[in-house]
Every structure is written in structure tokens, then in C-alpha cells.
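What follows is a pair of complexes built around chain A, which joins chain B in one and chain C in the other.
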Partner chain A sequence: MSTADSLSERLGNSDVGLILGVVGGLYLLFIIFGVILGLDIGGIASTLQRLTFLAAVYALLALALNLQWGYAGLFNIGVAGFMAVGAYTMAMLTAPVDPGVGGIPGLGLPLWAGVIGGMVAAALVGGITALPALRLRADYLAIVTLALSEIIRLLYNSTTFQSFSIGGRELGTGGASGIPGPINPVRDLYYTDPASPQPPPTAFGEAMFGFFGGFGIDGPIVVDWTYTLVLVVFVGLFYFLLTRVGNSPFGRVLKAIREDEIVASSLGKNTRWFKIKVFMLGCALMGLAGILWQGSQALITPALFLPIVTFYVFIALMVGGSGSNTGSVVGGALFAGLLFLGPTFVGRIVDSSFTLGNAPSTFTDAIAALGSLDVTPLIAYALDSISTLRFVLLGVVLIILMQRRPEGLLGHRKEPAAAVDLSRRSVSDDSTEAARADGGVSDASDAAGDERGEDE
Partner chain B sequence: MSDTDSTTRTDTSNVIEGEDGPDNVDEIDPDDESEVERAARETPPGRPLRVSNLRKEFGGLTAVDDASFDVEAGSLTGLIGPNGAGKSTTFDCITGVHRPTSGSVHLHDEEITGLKPHEIADRGLVRTFQIARELEEMTVLENMLLAPRAQRGESLWRSVLPGARGAVRDQERELRERAWETLDFFEIDHLAEEYAGNLSGGQRKLLEMARALLTDPEVVLLDEPLAGVNPTLETKLLDRIHDLREQG
Partner chain C sequence: MGISETYDRGRNVVVDQPLGVIAGVVGVLLIVDLATKLMDGSLSVLSLAIFLKQGLILGLVLGLAGVGLSMTYSILGFANFAHGDYISAGAFAGWAITYVIGGFGTLPIGDLFLVGVSGEADAGSVGVSVVSAPVAILVGFVVAVGFAALLTLGIDRLVYKPMRDQEGISLLIASIGVALALRYLLAFVFGTSSSGLTSGNIPSVTVPGIGISLNAHELTLAIGAVALMVGVHLLLQYTKLGTAMRAMADNRDLARVTGIPTERVVRATWVIGGGLAGAAGYLIVLWRGTIAFDFGWVLLLLIFAAVILGGIGSVYGAMFGGLTIGVASTVSLIWVPSEFSTAAAFVVMIFVLVLKPSGLFSGVTTA
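Here is the complex of A and B:
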């Protein structure tokens, strides 16, 4: 207990403490869900892994989007498209040159080259979009990026590029059936022959499986958890990088562009160039997030990059608070836990606690029974279509959020935009004179941040 | 914001709401051709800003009609005229927000006509806005620190790479001191950590001026620095402007 106490004390009000608190709360909730559902240890471990995985990928994407939207005010709703470019480029670069029958040929490059290539490709596509689109007002940029993300998806879906050759090299996207992702390096750690269906474990794998097997946690769960922890490390890296970008004169110009671009340019800042740079950086990070998420799956298909993914990321960021990196991570975790996985689990719990019988197949059937005051068919119908109802939930949450707390949970735009602490000064001699009333100090000035955003 | 109907613009006499370049006191009505042309003909040294035959048309509307004037070094120059005379449009044309239909603007001996706003600001010609434009969700200090030119940390790489960040921080410390000094001078230092959006109208004007000065400008264009300001603050603002001129 004492270590936990000192830990929480040390973390105190810090942002890391806040993130850990949120994640801890979600873990507790899902452990309770698991217990109610009667899952064993392995089942709970698997549930928490899925929760952490989704929280991490949404945090990565929300962080990247926060750089573009939260800091620079660039309304990019093509997140899924840039993820697709990253993941597909990576897969195409690393696919084997000679894949065998029915396989999709690639360039056979090592994984690291594929990852870097994917990021560069996403950045370049972002840059090409940005050049014309950033001259437009924010709303038009949104339309252009949304259209672009669909163009990208349909391009990967098209049979024309299912396989093609450039300069004598065979390449392919696999069309609608997708392209296999490279073997996850984490599996190399555990299995001697990770490609085979029943791979024999390595010595390290043997030890790990033996250890966790004792708690009832199977091998695949251990492997998945390991990769999930890799993602968590990447969240940390993104956070660190983007905090640095934000807390710098560069970040200050970005904020100024968001607030009033004409002011920034009339103070000598080449706002267009700043926007292009930040857009490309954000897209590269989205590409990397796409690689880490969908690129880690066995098969990368165009259907993974539907525009709805973009809107999920936006909701995560709005929940957390745009403009705040900590908010992005918290928002990603809360979105994954409460909004994405939560409804499914609640549905399963209700389903297992009551006998509802077979769900009616149509909505009419479901409400017809209401005439005889029988609500069971309606509930059964609702549970049956819980993934559709999730959209309703998301909509409701967004509306409430916009009305009650438009700045998101963490408030927004509170992170300092300077590389040094601005408040320190060599001479602080006039705190007493602070009340000088020139032109009437506005009354609201002390209420400062708390009320801001209300009138937006 | 700028219809130019030359009959309506007679009462230019003693309206002080004009724009004042930080230096000089000859008041020129942009439409008073004779005076303007005389001023434009000579281009002696020590006249950093030279505007000749500036003309701006929006469709069929002539907003600025052949405005020509010089601004002498170390002078406060006023540009006066009734509402809608085209003062702000003139400013927009000088600072690159609008591209003038014809005419030219010279800063020192370089022609800056039609350059982009940031290119013009980078050459030392900085403006404020008629309706103060603060970066509302940034603090007063952040507003100030945005202004200085040639900041190392505005490079993405230098703001991120570990080795380069030291130099960025050094410069930031230096700029922080300058920002505080300037805020002191304008007597708004007690508001330094306030969000700019919470400032009153007059305080915003002060902040705009302070921010413009932090760019180390050669010429500052103040667009209606006194509009909407109460008389007490007006005196103070004028004092500040004159102080600044005296300091060069």
C-alpha cells in the first residue's frame, strides 16, 4: 500500500497521474464486467488487452489529430485515408518479392524500411493535399480531406491495382480482398516459426508461456499483450514528441494560426508554410498509427479504413479536449472503454442475466408486443442491434458534450506555448500595482479559463 | 469598409482617429491630390515608407484613389479621414493584405508592393488592426512572444531535436525578458498571464501596440489606435505613442 500511496502522491495532479487514473478506472470497470459475465482470468486478461489496444490506437490517432486540429486548427477529416496510405505502403514495401501462388508480390524490404516508407508516403500524400487545400478556408479543407480519404480507400479497393508492375517490379494492393500484413516482430520473439499455424515457441516464449500459463493466461493472450505494450510505448513517444512541438515557438505560431491567421502573417510568420509542415507531420503520425494498428493485423483490407474511423478519432479527441495532448490520450482511453467496448459488454451482461428469448427480426415485431405491455422483445431487439445503437449513443454523447462542455473534459488550449516557463521574471516588483485601472480591467479577467468556451 | 465617394470626404480637419505611423506629424488626406502628389515626387533619404499613387478598386468601387505620401524617419504621421474614406484599405494595401490595383509602396528603397503580408512584416513594416485582433485563447505573454522575428524555435526540427532545443530555450528566455519589459512600458504587465480574450477593448489596443513593437519594426502602422477608447486611456495611449517616437 505504501508504494501505491507514494506513487499516487508523486503523480499527484500531474497529467500522467490523470491518464493512469482514467485507465485504472476503466480496468476496474471491465474487470467487474468480466466477473459479472463469469469470465476466467484468461478471459479478463484478454478483455483488458483489447481495451488497452483500442485505447492506445485511438490515443495515437487523437494525438496526431490534435496536432493538426487542436493546435493549428486544420480540420482534417481524412484521418482514415492517411492511416490507409501508411499501412498499405508498409505492407506493399515489405511483402515478399516471390509470394508463391495466389500471394501478393511486394518489394521485400525489411520491416523498418516499410514503416519509414509508410510514414513518408502518408506525409507526402498529406503534403500534396495541403498545397492546394490549405489555401482554402477550414470547411473546404474538411471537404477535400474527406473526399481524399475515400479516393484513397477506393483506389486500394479497385481491381485495377490488385496487382500491377512498375519498372519490371511486381506490386499489388490485393484489391477488396486485402493484402497480408508482415509478420509482427513480437511474434518472432515468442515463436521460432511465427508464420506457421501451430508455431513452436522460442526459449523466451516457453518461459513466458509457462509463467503466465500458471495464472490461466494462454500463449496468444501473452503475445497480444506484449504487442499492446509496444503500442503503449508509442503513445508515450507521440506524447513526448507532440508536447515538445507544442511547447515551442513553432507551437506558438500554430496556435496563432488557429486563432487568427491574419495576425500571424502580419507579424511576419509564413503561415502557409507552417500549415504545410504541421499537416505533413500530423499525416506521417497518422500513417504510423495506421501501421501500428491495422498494419499489425493478419490482413489489411480497404474496409478497415472507412470514414467512420475518422469520426471515431474526432469523438475521442472531443471527449478528451482538443488542444490538449493529455486530453487526447484520456479521450482515446475513454472512447475505447466507455463508448466503443462498453455498450457491447453491457449488452452481453443484460443478455446473460435475463432470458429474453429470440430477438424479433424487425423493429415492427419488436414494438408490436408493446401493445400487450411486453417489453422483452424490444429489449432483445435493442441488444441484438447494439452495435447500431452505439452510433446513437455516440451522437447523444456528442450533443451533450457540445452543449455542456464544448472544450472537452480537460478544457482545451491550456498547454503553454513556449519552450520556457513564461511566468518567471527577473524583477517582480509590481504585484502591488496590479490593480491599475487602465480602461477598466474587465471583470471577467479573474474568472479566466473556467468560463471560457461557453460563449463559443 | 471603404467606399470612396469624393464628395463626402470634406471634414478631414481635426479628427485624430487616423492611423499614425510611429513617426511624423504631417497629416495627409489620401484624397487630397495636390498635397499628396507633391509629397510623392521627392524621395529623400530618411523616408522609410513611401506610398505613391496607390489605387485600390473593388469591382466598380474605388476605395483608395491615388493616395501618395511619405513617412519620415522618426516622425509620427497621421492619416485622417471620415468613416469609409479608405484609411484601413490603404493600410491593407500597404501591408499586403490586399494587392493594390495600381501604385507602389516602397520600404526604404525596396518596392514591397504586392508582397505577402508576412514578407512585408519580415522587412520591418508592422501594423495593428482597427478592431484589435488578439489571439484570444492565448495568454498576453504568448501573444507577445509570437511577435519577435527570426525565432530559432520556429523551425520544426529545432523545436524537437534534443541538441537544438538548448539554443531555442536561451532565445526564449531573452525574448521573455523583452516581452516583460514591453508589457511594463505599456503598463499591462499585471495582465501578462491573462487570456487575451479577457482583456477590455483598451487593453487590447495596448497589447496590439506592444506586440507590434516587439517585432523591432522600422515602421509601425497603427490603424485607429484610439477608436473606442475612453478619454483617460486615450491620453495614455497618445503619451505612449509620443514616448515611443522620442525613444526612436
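Here is the complex of A and C:
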């Protein structure tokens, strides 16, 4: 028993180690990028903050999606819509009742109520979708959820709901120009009057700014880092929650549904109800992720919730491997670092280290120069539109992943549906294994090696 | 006795299909409301006719694009999310050639090639129409069809062929990757702004009686779309290839055992589906007069709606579904603001999916 415990502990540690290793590697890469670009300490700190922020939000979303797809096999490509419901509900609940001229009125509730309201709203929308839609085939569910996320975005984008009133209460979504997010509570920690544009710092803020200012890290970067660390804590909470869910009896049913729904239902499990519950839980987490991400922006606009966001999350999950929580976190970090931020940094480095001259304004001008065997205009044009080419890269990565490694980097560790690994039985029966584990050192380490080999 | 039986059946319908009953009631209410609106004059017959005309034209192109999507869906067994971008790619290729021919000599070829999305050309300086430059339009149309067909073949060879035996979901995800790569390659070459293409000066005819007018581009689109659909019908119904396709859609393994060269049929499917997508893209741009790198992607969900409504695999279903979705998205303007017309079409699709996932023409595959 104790050996099994210590083994699982070591495995757990190795997962954390893996995540830390990946993040550490990314940090090293971006510090090198920053040094090549000649950024000062503050610039590098800000770069790493952005990297960590994006890695954390994509990890949160990938974890939530993994619950639906990796565990229960529900193909939801409406992630952006559920994020929008969460973030918008939160903003509409917490917006001031009397916003002043040109402002958007809300219900003026405290932030915690807004966050819970946002999660509940996302879960309810998920539940309403799931009730009829989960009977459908996976590809139909995909189309329905994508259409739903577009409907949600169009509703928030419309002028009809820009401002409206329910039961005498004025409310509004702000239409295409968006709704202001609430003031980040992290700012309360640092500033006595967080709403003003040039706020005076609190005593704690003064001390922190003074300390980090000595390293050349400005106040705003410190505040951003603090919020980013809050997100990292949330990644930990999501991870913990989803691991617990996955290992609970509820999670075992989910995995059974993923493997074979008919078997699960013939064993007396109401698979439809399980699917609805897990869909709602996943949507609530997506809503929370939307609140933590887009909700922390100064302005929440419908353009933040285009379907492309869903595909980003999907790529993050696919990179890490669906079915694995550790994979989701690793995938989120790798996506944010290598695929999302990486190309722009490489572009900036190439741009700063070679003199390419002015980029031609159109593609045909760049191609025309190829006639005189001059490649530089084409390269300059490509660097100019590196953000466009990044999407091409994402598409190609997705195709190659599906062709070569559809299970992702860690997807081969997909947790089995059974509580015990059924394939291990064939090696030896339990009593001799226990005897061996108590016995010679070499045998015990062999057995441990076998188990790790199977699990990893 | 008759009454109690009817009552029982009615109660069963209500219990089994609550959403269906709601949809039916809403439908009846809308029709009643439409009739009252027409009676009391708050909605003129002319504006209803204009909604219907716009809807039918949109429906024709949706159906045309949907036929290709439906064929690949039933024969290859996956929802191709890149289909919308085949439409854009075909349209861009075709219009680039149309501009190069139509504006030859007025501007450098490089600028003409970019059809005004970037570069110097614009609707004012080049501005082609069916009447002013019929040859350029015809050549452009052929190029759009040919380019889209070749493109789909190439993508099939690179992406989908190595994955032939994988599940539909894996192929679906790969097609999302294809869609992303293709769409942003177009953006890379042509730019991301939207631009007007056709000259506004086109002749139109007025239909006597209702007073509704049809311009030359709308007529071209309608004739082209109907002709292509009839062509697809003849191909599927009366050629050996059509029989082989229907056999494959029915049962792939059985088709292979019977000696049908399945790979060749798959290639033929892509050629036809891609060609129709290119044709639809070219005609949509001719009709709307504007082009943007993501217009096919924006249309994709509507096309899916059309295909699903008609029943996947059914070519006539796709045509019928296209017309229904097109009309639904324009006639909905009577009740909802124009910003919700797309959302209304999606709602129709979700209802169809939930109520009758096999589509209205279910059971009739590729025929």
C-alpha cells in the first residue's frame, strides 16, 4: 500500500515537474528572445508576464474542454460562446446602477456575485444546449455548438440589446462597442483609488513598487504579474478539481461513456444525464475562464469571442493531448509560447537583425521582385504580415498533429476507464506482486518500472 | 373511438417531441402573423416579394455550395469545415483573372490581380459587369471552377488521403486546420480588407404585376446555379460515375468489393464538390459585388444548415435546404432586426438538427 502511495506521489510530482520544466523552458526561450531584442529587465518581465498570462488562460480553457471532450467525448466547438456568457453576465451584474453619461447601467452587484452569476449563466446556457443536442452525433454537436456561439456573439453585438430594461431595471450589453469590465480587485491591493487614471499607491503598493522598481520593473508590470499569479493559482484549482472529478465514480462513468456509451448505459447508468451534468460543469468552468481572461480587460467586446478563440483552445488541447489534465496544461503553455507569441518574436528578431528595407505594400510587388532574383522584398512582406502567417502555421500544425499524432503529446497517457489497470493483471496475480514488492529491491524497482512504463 | 385514438396520438406527439410541437406552434403563429401583416398593410406585397427574391437567390448559391459539401460528407464521412474556404479561394482565383482580363492595359497586372482588396484597382477604375465584360466574367468563372477543383484535389492528396481510415472527428479537426491555413493564405496574398468589385451600372428588368426588379447579375446567378444543379442531377442519375458515387455513399466496403475504384470515385467527388464551391463563390461575389478573404467561412454555417436541413448525402435535399435557409434568413427580417438574420437562420438549423437530425430528405442518399 505504502509503495503504491509513494509511487502515485512520485508520479504526481513528475507531472508537476513536467509542467514546471515546460514553463521553465519557455521562460528561458523568451528571456533569450528578449536579450537578442535588447529589452531591459522591465521589458523581459513584461514579456514573461504576457507569456504566463496567455499560458494560464489557455490552460484553464483546455482543462475545461478536456473535461467535456477528453473525459466524456463531447465535441464542443462553442467554447467562445460560453466564455462570452460568463464574462458578459459578470460585467452586466456588476456594472454600476447609475453609470453616468454614456455609461452602461447594470445591477451593481458585488464582484463575487457577478462571478458566480456568470458561471451559473454559462452552465445554464450549456444545459439548455445539452438537453436536446447531446442526442446528436459528434459532428452535429460540433455544428450546433459552433452555431450557438455565433448566435451568442451576434446577440451581444446587436444594437437591440445595447440597453434594455427588465422589470424596471436598466441593463445593457453595450453592443459592438462593448461593456467595461469591473475594476480588477488586484488593483485594490496596490492603489488606494483604483478607478482614477493616476492612482496613489497603498502602503503595500508603495513597498512592492519600491522593491521591484530597484530592479527596473515598473508598477503596472508588478500589478499585471500579481493578477497573472492569481490566474496560475486558478490553473492549480482547476487541475485539482478536474483530477478529483476524473478519479471519482462520476469520472469513471464519464470515461466509460467515452469508450462505449452503450455499455455504460446497459450497466444501468443514465448516460444522458451524466453527459448533461458534465457539459454544464465544463461550460461553467469555461464561463469562469472567460471572466478571468476577457473579464479582466478594461473593455469586454463581442470581437473577443470570435470562433477562432475556440480553435485556439482546441489546438492547445490537441497539442497536449486530450484526455490528460497534465497534457492540457502543458498544451496551453506550449500553444501560448511557441505558436501564439513565438512567431511574432521570431519575426521581430529577424526584422531587427537584418536590414530588409521597406516592405512592399502588396503581395504582387513582393513577387515581382523575385523576377530579378531578389528575395528580400518577399521576406520583408512576410514579416510584415507575420500575424496572418501565424494562422497558417496554426492550421498546418493542427493538420500535422491529426495526421501524425492525433493523441497529442501526452494523450497516450489517457486515463483508463477502470479504476484498476486491467492490463496489469496478466503479468502476475496480486499476491505474488505484493510479495515481490516486499521482497528484493531489484524486483520492486522492476515492478515500479513496469507500472511507470504503462502509465507514462 | 376515432376521437380517442386521435387524442392518444396527439398526446404521444406532445410527450415525445415537445420541441417539435413548440416549433410547429411558432411556425403557425408566424404564418398567421404574416397574413395579418399583409392584410392590414403594415407589410406590402412588394417588400415581401423582395425578401423572397433575396432569399431565393441566397438559397440558390447556398444550395450550389451545399451540393459539394453534402457529397463529400456522405462519401468521405466527415463534415468538411474547409468547404467555405474552398468557396473563397475559387472566387479569388476567378475574380483575379476577370480583373486581369477586364482591366488589361489600364493598370499594372499586379494591381489588377489583387482585385482591389489591396493594390490600386477598384470598382471605379476597373468595375466589370456581365454586360460590360462578358468574356472576362466567363473566363473568370471557368477559372474559379477549375482552380477550386484542383485545389481540393491537391488538399485531398496532402491532407485527407493519408487519413482515409481515421474517424470522422479526426478528419473534421484536420479540416479546421485546412480552413485556417487556406483562409489566412488568401489574407496573406490579397490582404484583409473588403472591396467592391462590380460596376453598379447594370441593366435590370421589372417583373410585371408585382413591380419587383431583377438585375443582370441576379439573373446570371439564378441561371448559372440552376444549370449547374441540373448538370449534377444528370451526372449522378445517368452516368456510371454517378452510380458508383451513390453506391459508395451507401456502403463503402460493399462498393469496393463490387469492384468500384473507390479512390477514383473519391477524387471525382472532390473535383465536382470543389468545382461547385468555386462556381458558387464566383457567383456570390458577382451578385453581392464585394469580396473579402473570409466570406466563405462566414457562409459556411449557413451552408451546413442547408445541407443538414435537406439531409446529408442528398443532393436535392441540399438544393431544397439551401432555398429554405436562404428564404428563412431574409423573411425573418419581417420580425427581427436585420442584425439577427444570420442568427435566425442558425436557430432554424439548430431546430432542424434537434427535431429531425436525419434531415427532411433522409434516406435518399446522393440521388
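Points to keep in mind about this one:
The rule is simple: the second predicted complex is superposed on the first by the 400 of 456 C-alpha atoms of A that agree within 3 Å, B and C clash if a C-alpha of one lies under 4 Å from a C-alpha of the other, contacts with A are read in each partner's own complex, and residues count from 1 in each chain.
We adopt the following convention: a residue touches a chain if its C-beta (ideal position, glycine included) is under 8 Å from a C-beta of that chain, and two chains touch if they have at least 3 such contacts.
Since this is a predicted model, take the numbers as computed values, not measurements.
Using the contact criterion defined above for the overlaid structures, shared-chain residue A:Ser385 touches chain C, although it does not reach chain B.
In the superposed model, A:Leu394 makes contact with chain C only, not with chain B. By the touch criterion defined above, A:Ile104 reaches neither chain B nor chain C. Of the two partner chains placed around the shared chain by superposition, chain B is the only one that A:Lys255 touches, whereas chain C remains out of contact. When the two structures are aligned on the shared chain, A:Thr271 is found in touch with chain B, with no touch to chain C.
By the touch criterion stated above, A:Cys283 is placed in contact with neither chain B nor chain C. Only residues 75, 132-133, 135-140, 142-144, 146-148, 150-151, 154-155, 157-160, 311, 314, 318, 361-365, 367-368, 382, 385, 388-392, 394-399, 401-403, 406 of chain A touch chain C when the two sit together in their complex.
Considering their complex, residues 19, 78-79, 109-111, 113-114, 118-119, 159, 162-163, 166, 168-174, 176-185, 187-192, 301, 304-305, 308, 337, 339-340, 342-343, 346-347, 349-350, 353-354, 357 of chain C touch chain A.
Taken together, the chain B residues at the contact with chain A in this complex read 95, 97, 116-118, 121-122, 126-127, 129, 133-139, 141-142, 145-147, 149, 151-156, 159-160, 165, 168-169, 172-173, 176-177, 179-180, 184, 187-195, 197-203, 206, 211-212, 215, 229-230, 232-233, 236. Looking at the complex, you find that chain A touches chain B at residues 241, 244-245, 248-253, 255-256, 258-260, 262-271, 274, 277-278, 281, 413, 416-420, 422-426, 430-431, 433-436, 438-442, 444-445, 447-449, 452.
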